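Look for chain A in each of the two complexes below; its partner is chain B in the first and chain C in the second.
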Partner chain A sequence: MNEITIGIPRALLYYKYHVLWENFFQELGINLIISPKTNKEIIEKGSSYVVDEACLSLKIFMGHVAYLQDKCDYLFIPRFACLKEKEKLCTNFLALYDLVHNSFPHLKLLNFNVDKEKKEEQIDGLLEIATSLGFSYLHALRAIEKAKDKEEEYYQKKENNLKNKLLNQDLKIMVVAHPYNLYDEFIGKPIINYLEKENIKVITSDIKQKKINTKGISDTLYWTYNKELISFINTYKDQVDGIILISTFPCGPDSLANELIIRKVKNIPISYIVVDNNSSDTGLITRLESFIDIIKLKGGKLNA
Partner chain B sequence: MPKPIISFPHLGNYSIPITFFLEKTTNAEVMIAPPITKKTIELGSKYSPDFVCLPFKYNLGNFIESLETGANILVQAGGGCRYGCYGEVQKQILKDLGYNFEFLSLMDNGKVSIFSIYKALKKLNKNLFFLKYFYYLLLTMLMLFFMDKIENFIRLNIGFETIKNSFKTKEKEMLNQFKQTKGFLSLIYNYLKYKSQFKHIKINKPKDCLKIGIIGELYTSMEQFSSYFIEENLAKFNIQVKRFTNLTYLLVKKKLVKKKLLREVKKYVTYDLGADGLDNVARAKYLIKKKYDGIIHIKPFGCTPEIGAIPIINKVCKDYKMPIIYFSFDAQNSDEGIKTRLEALVDMLERKRK
Partner chain C sequence: MKKCFLGIDIGSISTKGVIIDEDNNILYSDYLWTEGNPIEAVKRLLANLKKDFDEQKYKVVAVGTTGSARRLIGTILHASIIKNEITAHAIGTTSLYPKIRTILEIGGQDSKIILIEDGIVVDYAMNTLCAAGTGSFLSSQAKRLNVKVEDFGDIALQSKNPTKIAARCTVFAESDLVHKAQMGYKKEDIIAGLCKSVALNYLNNVGKGKNIKPPIIFQGGVSKNKGVKKAFEDLLGCEVIAPKEGHLMGALGVAILAKNSNKEIDFDFNVTDINFETRGVECHKCPNNCEIICVMQNKKLLDAWGNRCEAGSVK
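Right, the complex of A and B next:
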């Protein structure tokens, strides 16, 4: 029983919940294999499984699945439909399970469904997986509790880290993106790395917020993850010097949510970077350089 | 205060029942947006976010042209995937462009419902009684239902008319009569009258004609301009066309059949795919079962739910050896390119038969 290996693609919601998921499976004593960081090959592979105009993040996810396909017994493919009442998620998260199931018919998938409207939360899904793999209910429950504690600790640390950075006198730039874009080696990582190299304090949007406040930017938006990002901007925008929004082409929710952000957040420089298959590093760095110059110019910190 | 003039985005022939409904319930003047042209989509694209889906751009183009011709109240509905967020963003874009107008969203709490529409209309007409509203809502729904029934009939037969344009002229005549609807009786009378007239239009339809099913996203299915008049083009090839999406389906039927659809395609789909994704997988399966010759899947560029559904639809069609072709419309397709692809499809299907 302990010899099975579960593969988790390092893409999409992995970046948001990896602490919970990894710790949960480790507590159960299951071997985990996480696909490596995104590289060109993974993107190319992934692109062949979906339509050309699918968003880059989805292509990357499929690439990671393709990487894992012959390396594990089960694949962990989350299907997230709804996390809060009256709110939605991008339809890609709804279709993910069936998408993988049809593109890789030979793979064994773990059925992990999260749908608040049907009263199925993450805990229920994880419990179901554990019991279907032959673990006792109590064992699984204990594993979840431990994993939850670890997750809490992780996000607490993140928040403390963020607060420390905000106290700093250096230039501070807020980078706002879905965690799977923020930390992907191909999408957000190069941006964060560049900013840090320039001695800029990077305030990333991936912390847990107790209260979601989208006032002033949107009253009707219903995407849970985008609401979190907007709320993050609302909370911290007065403490930073500039905002960088990152999205992948052509992200559905971002196309509208970011438009509202750009139109409604005033008095602070915003740069909107959209990454696709063919984005180049040089173009990116030029844009970041000029954005930083603008901020410095505005704050009188540029030595001409 | 200027005289209120209401306008709303186009959606095929549905502007007729929508106008009828708004006129009766608000007592205000209702202006149908200027007909969609290339200019409309150019305007819409110019001011829309870069990679938003195409219907957003058409809707925005409609709004701009309506405002330019005198409208001052804009109505937008919502629902499904991104559509529910159109209103807020469009309102902001138009405000930033400097237009002065009132924006009326039919949604409340993220949903369009009988009560949310009533609440919205109340803002325009304080004296609107719920019963009166409900009466006209039912009447309009029945009109939609009749229109959809007739349209379905037309699609099956228009490819075989012996006198050119006989279906289109008759349809126009019928819609003009529908505009003057006085109540349920006159509507039902007109429907029955035209139904029999449509049945008597001369056609020359062979028993084994080519049959094609159109599946896909809803806006491109219903607003023919956005699909470069794909149905008209197909009719020219003498083909029987079946299309599933219409307002009757979306407003009434969709909710009722969801569980059934999931059962029918459970080999391929375990969960709802969002928007019309699941519906389209099931439609592909249905067309295969009914021995159609081919499937055309249409969607606007960037439609996320369909992007998620296409690989699954493709798998279904592959398993059953069903020919399928995909069209993704954007603002700059060429008419000729689309016609060529359709021609090639029809050629292929005809050859396959022999």
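Right, the complex of A and C next:
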């Protein structure tokens, strides 16, 4: 078999499934190219490929696709429609394949559908891709098993880390956002870096939860990823000093879910930061700095 | 000689300065327009403060800066502390009004609410990065109606029947406003409607779900607008205090913070004679191409910032 290179954009669901995806393809012996961390050029390129109303995270995704377009044989763009029965994901994840296909018609895409209501699972999709590329079913199955183990290990480590941080006596702030926003160089990263520079323990929302508990916030919300975030808040809010919610403008599911969180979660300071393609971070720093001050004032710790 | 402390609040629109003694009493204060040039504004402010300052009796031992140009001015004046305007405001207000329970604040670009119990901040909220419903919204609508924004309050108080205007988004509000004006609504009713919608929008936005208890202070530039103050009183059903010195709270707060920092750094009013320049440089070292601001004192580099990573560090 000829050596092939598969490109994965470092954006959106990459941040959620990167351990599984990377290990799976590497286990098969495929060359992987992951686009670099988001930079200004990527954002500018991405913005030119989507309508103005699209969210910043999607613009960034398209920028990463543009970066990869002449650097790989195939681009990995799965379509995610539904992960749990009677629940939904943002329609962007459903549309991603078609968006890329229409904007970059010359690219060869590797795609599968994930739709629980049609019994289409991610694992089956990955197997299908492997066999279509000429790998034996058994080989692919072994790669999947290994990748799943690695993912399990990764998230276990993350959870242990989080529990260690919670034991710490320093100020603890929970940063709640979709992982693609949490770790993007231009969205969540500057916020996390700033907090860490101020010696604050940052509790990030990207761990795997066995049980989803949205009690007290919403019984009817049907956005799977937002339910996970709400459940995370429910589980850990009593162990932190404040909550920062990050969203990209104009995210639909977040605009509803975060509103619910702000209204229903009581007795803890919450700051809601909506990031758009702002080039200056002055407004951001003012908000973070004052939020930390207020938390310190509350605990009577502000002496500077 | 007695020690005193200088606090300067350099906002986008106005620059405020106070000098306090060790008991937080305001000895001197001044207030002028920034006019897009914070360095010049601060030089003028210091010149004004120096005129009345009793150099035989007092000595400034620490400086604090706040407001959007806090870093620039703090660097130039060797400030003991550089603090964001929200914290500075909370500290300034509670020092003058220790019994206060709620601070409503609407500035030029942002709005926030601070809830206080026994002098300690217990809750807080701020608008998102969108500046809808703040001072800049009122100024832009004033321009459209050809009315001075300073006169907004008095005109609004004449209205008996405020027009309903959607103020959630400036763009929608503007089309609502034009439509209502073309329908023949009176100007004072439209202006009163705008004031009411700012208050309503504020309560539904940053104030939502918050337990707003009296005594309530309304501060920030928009607090000078009697129409918005009255709208808050109508909506909340209780008195709202808009203190005369409301614009000085940030400067006062940061002066107190400078005092509490216990970092005494000599300050000389003659700093106004020194030539300061700023220069923007594009980094070009990576695709981010950060714009780096360099502050020069008599042609020598004093400080620089704006780089996202180490590659762009100048110092």
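Here are some notes:
One rule holds for everything that comes next: the second predicted complex is superposed on the first by the 301 of 304 C-alpha atoms of A that agree within 3 Å, B and C clash if a C-alpha of one lies under 4 Å from a C-alpha of the other, contacts with A are read in each partner's own complex, and residues count from 1 in each chain.
The rule is simple: a contact is a pair of C-beta atoms (placed from the backbone, for glycine too) under 8 Å apart; a residue touches a chain by one contact, two chains touch by 3 or more.
All figures in this text were calculated on a predicted structure; none of them were measured in a lab.
Of the two partner chains, both chain B and chain C are touched by A:263.
Counted by residues of chain A touched, the larger count belongs to B, out of chain B and chain C.
By the touch criterion defined above, A:61 lies against neither chain B nor chain C after alignment on the C-alpha atoms of chain A. Of the two partner chains placed by superposition, chain B and chain C are both touched by A:274. Shared-chain residue A:289: touches chain C; no touch with chain B. Of the two partner chains, neither chain B nor chain C is touched by A:80. By the touch criterion defined above, A:103 reaches chain B but does not reach chain C. Looking at the shared chain after the overlay, A:250 reaches chain B, while chain C stays out of its contact range. Of the two partner chains placed by the overlay, neither chain B nor chain C lies in contact with A:183. In the superposition on chain A, contact is made by A:49 with chain B only, not with chain C. On chain A, the surface patch touched by chain B in one complex and by chain C in the other comprises residues 263, 274. The residues of chain B lying in touch with chain A in their complex are 49-53, 56, 81-82, 84-89, 92-93, 96, 105, 107, 109-110, 268-275, 277, 301-302, 304-305, 307-312, 315, 326, 328.
By the touch rule above, chain A contacts chain C in their complex via residues 39-42, 190, 262-263, 269-276, 278, 282-287, 289-291, 293-294, 297-298, 300, 302-304. Across the complex, chain B is touched by residues 49-51, 53-55, 58, 79, 81, 86-88, 90-92, 94-99, 101-103, 105, 111, 113, 218-223, 249-253, 255-260, 263-264, 274 of chain A. Contact residues on chain C toward chain A in their complex (touch as defined above): 68, 81, 83-87, 90, 109-110, 114, 120-126, 128-130, 208-209, 257, 260-261, 286-289, 308.
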